[in-house]
Amino acid sequence: MFDYLTFGLLAQLFINGILFGTMYGLAAIGLSLIFGTMRIIFLSQGAVIILMAYCCYWLFTLFKIDPYLSIPIIGLAAMVLGAGIYQGLFRRAVKMEDKNITLLIAVGLMFLIENLMAVMWTPNPRSISTGYTSSSIPVGGLAISFTRLMGFVMAMLSTAGVTLFLKRTLVGKAVRAASEDIEAARLVGISPHWVNTIAFAIGIGLCGIAGIALSTTYPFDPYFGFIFSLKAMIALALGGLGSVFGALLGGIILGTLESWSSFFISGGWADAVSYGVFLLVLLFKPEGLLVRSVKKV
Amino acid sequence: MSHSDTLLRVDKISISFGGLAVLTDVNLKVDEGELVGLIGPNGAGKSTLFNVISSIYKPDTGDVFLKGKKITGIAPHKLCRMGISRTYQLVKTFNKMTALENVMVGAIYGHKHGGSDAKTRAIDAMSLVGIEDKQNILVSHLTLSDRRLVEVARSLASSPLVTLLDEPMAGLNVSEIKTLLTVIKRAREERKISILWVEHKVDAIFRTCDRVAVLNYGAKIADGKPEEIAKDSKVIEAYLGESLTRN
Amino acid sequence: MKSKRIFWWFGLLCSIPIICLVFSNFAMAAGKEILIGAPVHMTGPLAPDGLELKWAYEQAVADWNKKGGIFIKSANKKLPIRLVFADDESEPAKVAGAIEKLIKVDKVDLLLGTHSATMSVPAINTAEKYQMVYHCTTHWPEMFRDQKAKWASVMFFSAVGASEVPFIIWETLLKKEDRPKNVALLMEDSPDGQAFGGGFRSHAKTHGVTFAVDEPWAIGAKDYSSMILKMKAKNVDAILLYGAPTDAITLVRQIKEAKLNVKYMHGWKGTWAVEFAQALGKDANYVICDGFWSEEFPYPLCKELGKRYTDKFKKRSVSIGAFYGTAQVLFMAIERAKSYDKTAVRDALRNAEYKGTVMGDLKFDEIGLALFPSTANQWWDGKQMLFYPPVKGGYQLKLAPEWGKR
Amino acid sequence: MKNLKPITSVVLATLLLGLIPFVSDSEKSYLVYFLFLTFCHIVLTQGWNLVAGYTGQVSLGTHAFFALGAYTTAMIWRADLFSWENYYFDPVTMILSGLVPVIFALAIGIPLLSKLHGDYFALGTLGFGEILKVVCIKGGQFTGGPIGIMLPSSVYTTMRPHYWTALFLAFLATGVVYFMTKSRVGLALVAISEDETAASSSGIYILKYKVLAFAISAFLSGLCGSLYAYYLFQVSPEGFLILRWTLYPVLMCVIGGSGTVVGPILGSLLMTAVFTVTSIYLPGIHPIFSGIIIILVMLFMPNGIIRLWKKGV
């Protein structure tokens, strides 16, 4: 049945899966930071990614700014937006015990962003077409998509950046402390609002990066983002909630899984396989594949 | 070793979290009708021991016995019906319910025969702790001390053989402590309930308990009559060390 | 406390008649105009199609009203047409709600249809309940026959018929040595995709073609490399695909990235959107798309309609004619019946022939179904060029060379 | 006696609402459809309320059970399972459509609820819904694939049975929630939602009650799905297995006031009205307003409108 399988084909499949999965990973890191400090499932993550993709599209069509040159502009704008979202929408809600509220605010925000985009840019799909769109780099008989490779590089760099930030800076340490134990963090004098603002700014800032990676690779429409939120959540659960590196790796695992299952089973079943694996992980290793088991408290 | 009237026996319990040993080879027993105090400095493992007894944690080694029957790893709700009830250091009442409803939970679900006479038992327990006049008040509107009493009443309403009290006096003022002391004494005298009592207020323990056990760094360092313990050099050292760092 | 509670319940009960009032009193005085309702996707993923549909209906109404409307016997004069829309939010459950609203709140006389088969099934079911004329396009005749609707009428091509188009093209327009040998069939997992997929498979048998790859295509999937690798491994030289525009763009981009050379790529639904060509630029050349209609059709008004559309949206369309024609046929039916009474209009849409529409001549059978042929166009420098059915002196199909040689 | 007050009002309101089809022509008045939709929302919302509002387990799988109910009805009808003449509003079919989701709820609820807490349970139920969707799309002849199962709409005569059944189900759901929460089971549910450790050490078998609430909620959702299948006459993944059928109940419950009996009713009524009215008056942009309303309500009335009133008491 698979008589056409060759080593090169398998290698290509593998690379494609990894490159594809980093997209999920990028979205998942943002989710993980936000979840880590605030225990919010930020369902509008995907919608924000698409919003950023539209911004990138705008900069490209109106001002002829190359998508990769727009990284600093969009990254910064996204961070400001993230801080704004926290201060404007979640600051009040984060104190409340009922977690449904933050979930619903995220849902409301998703409705709002999706449909604002539909009104502003029409629901027709948009895409960025540059000289390097659909070009690929040949590496030893394999074809590696340029835009996706760039996406991978951006994901790696930003993960490294975020990790360094969390490990080396005082604010970063505060964010880490808060995601481990919010009570303890409060005791040592870390203002939770400050930490949450930073986490949101970085989380949404990563949405900006993901938006650029997405807009250079795929066409998008206002409703394209929700599936990203879902997949990022799965990636997060695979990698373990609240771990930056785990989230990226979770995304890569998910991407590889989908690419393999759509090759060996069928494209239509790829989603079922990834959700199935997700359920199994939840059942047997709910703390995530990459986190060492800790006793239940 | 097995006393005829030993009610609760903890046998060589060890547990560690992430490589950090919290309890090592702890033995402890509570006889029928006995009031046992468990003291020790912060982080000595008192609450962990409680959590092991009430099956919230599973020990790495060692077992817990109730009336000679092994109960290690039995689900907490079953333990409660078998006769072990408890309170928590940070009060865990159901704040959206009234005081009576809180106690009713213990009376209905904690009792081995279910809740045929639950309401009577609940009201009995409430009058025992002296809060029968607050039955219909939402617990979220009660003071901390009253919420503790609700919690004690809830644990008594399940007609336990033994009750584990986890620092019931934390955060209470002098007169509230006095009330609680009377409640503990009454519970024991009127209901013949055995009590294992963790407390930071050492003087209260020494004044009330039949026997006192001392934990330090996860190991039992002393066990005996209050007056013996008060003189024990290891205990004094453990506490002295702590009181120095604390003040 | 007690009085407040009673007050609360009182308020709740009072609010019901208020809601009652809000939802009634919409009806216009009858006999002054012909009120036609249409559910349209204004929001949700199908909104791009919905907005075209809406525009085309509005054009048709404006054209008829310019002529003074339609002569109605009972009023003994020409009455103007008024259109009301309801948003069906691209959702089957909401299209039912939209139709309920049009019938009960706006009290429309007749209904024009929404777009896509997924939405048409519940829409027709709901219209049937109130015995309301529902005249639509883009609904599969096969499914429509199954529904046994008494009040609905459909004008479209059949998926089975349309799916024969590529095979006919190969046999009539290509030289023998150019005909594809290894064909891949990539069909979206949707009712439309399934209908087409079934059609292709049965026609492939009669035309002696076997599919080297036959993969369902998950909606919204972002990575097609597995599919492409499979096609590469099997030396695929022709692709028949059915999917949404975003999916189709992504697929073609990834095909180019993987350097998969296909000389014949024929797509349905996703490939005719202008965004497809915009996103792909020169890479869209040689890709073949289907169409409901073409402004190059030799029928009246086609050129003008195409021009109006291009003036307004700065692009070409291969679909608006079908939407315009749907409204046109409904108005012709009213004209023929000289009445907008629903029974009369329904009867006028059965066993009847309408000539000179933008879709050509249409013949409705006894269940209210009229078929028109599907077209095939090839993208060439940002324009869909009609080549099937062949028009004299029209565009000729080109086979795609390798990526490097374009 | 005091506890009887709200229930008498609900019974009274139900009876009054039951009269509406006699007063208002069900074939011509939008009100009947509007209320039908509202009642459907109440059923789903009460089901979610029982699981999340009372037991504290946020489930995102309402749409899965709703769709399971609808598919069960459609399959029984299509397969002519009992060789009956009529499956339209057949009580046995409807009850079976409620029970099939219960079986699934037990099958996924027991492992998920014994292992998972909080957010994980939400993600798990969400995953279940997505798997079900793929299975239905890929189910071939059995599930009808992406087209789903078409039912003969010719049996339809009037909207009245839909209206009354929906009203009855809404009443049933409210009644179930009311009696469950007023009974001893309710004590256990609330205790679990407030503090699982304390509930467990007070003798409550947590898993049992969580699964019970989850199963009842699945039953109610299944019944509602069956009813909606009788309304739409087509059961398809796109019509039933969409997340909206979960998000709406969540929204309505929280906006009305979760963990209360009346809150979900108010929330359903209000939000159905808001969605309907904005859809009529603001076509094309209404989801923006829905989004804004959700955010504003959550920011300024996070405990639901019911508690605004209670605060005043």
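Couple of notes before you dig in:
Each chain gets a letter, A, B, C and D, in the order it is written, and its residues are counted from 1.
The rule is simple: contacts are C-beta pairs under 8 Å (C-beta built on N, C-alpha and C of every residue); 3 or more make two chains touch, one makes a residue touch a chain.
Since the model is a prediction, treat every value here as computed from it, not as a measurement.
Taking each chain's centre as the mean of its C-alpha atoms, the one that lies farthest from the centre of chain C is B. Between the interfaces B-D and C-D, more contacting C-beta pairs are found at C-D. The distance from the centre of chain B to the centre of chain D, each centre being the mean of the chain's C-alpha atoms, comes to 43 Å. The geometric centre of chain C is 34 Å away from that of chain D, both derived from CA atoms.
If you average the Cα atoms of chain A and of chain B, the two centres end up 47 Å apart. Remark: chain A and chain C have CA centroids separated by 35 Å (rounded to whole angstrom).
Counting partner chains per residue, chain A shows two or more touched chains at residues 115, 268, 271. Looking at chain D, residues 137-138, 284-285, 287 sit in touch with two or more other chains. Residues of chain A that touch chain C in their complex: 4-6, 9, 12-13, 16-17, 20, 23, 115, 118, 122-127, 129, 133-136, 143, 145-146, 217-221, 223-224, 227, 255, 258-260, 262-263, 266-268, 270-271. Looking at the complex, you find that chain D touches chain C at residues 5-6, 9, 13, 16-17, 20, 24, 27-31, 33-34, 37, 137-138, 145-147, 150, 152-154, 156, 159, 228, 231-234, 236, 238-240, 242, 244, 266, 269, 273, 276-277, 279-280, 283-287, 309, 312-313. By the touch criterion given at the top, residues 43-45, 47-48, 51, 189, 215-218, 220-227, 229-230, 233-234, 245-246, 249-250, 252-254, 256-259, 273, 275, 278-281, 283 of chain C touch chain A in their complex. The residues of chain D lying in touch with chain A in their complex are 52, 58, 111-112, 115-116, 118-120, 122-124, 126-128, 130-131, 134-135, 137-138, 247, 250-251, 254, 258, 284-285, 287-288, 290-295, 298-299, 302-303.
In the complex of the two chains, the chain C residues touching chain D come out as 1-2, 4-5, 8-9, 12-13, 15-16, 19-20, 22-24, 42-43, 85-87, 89, 91-93, 96-98, 100-101, 104-105, 117-118, 121-122, 124-126, 128-130, 143, 146-149, 189-191, 193-194, 216.
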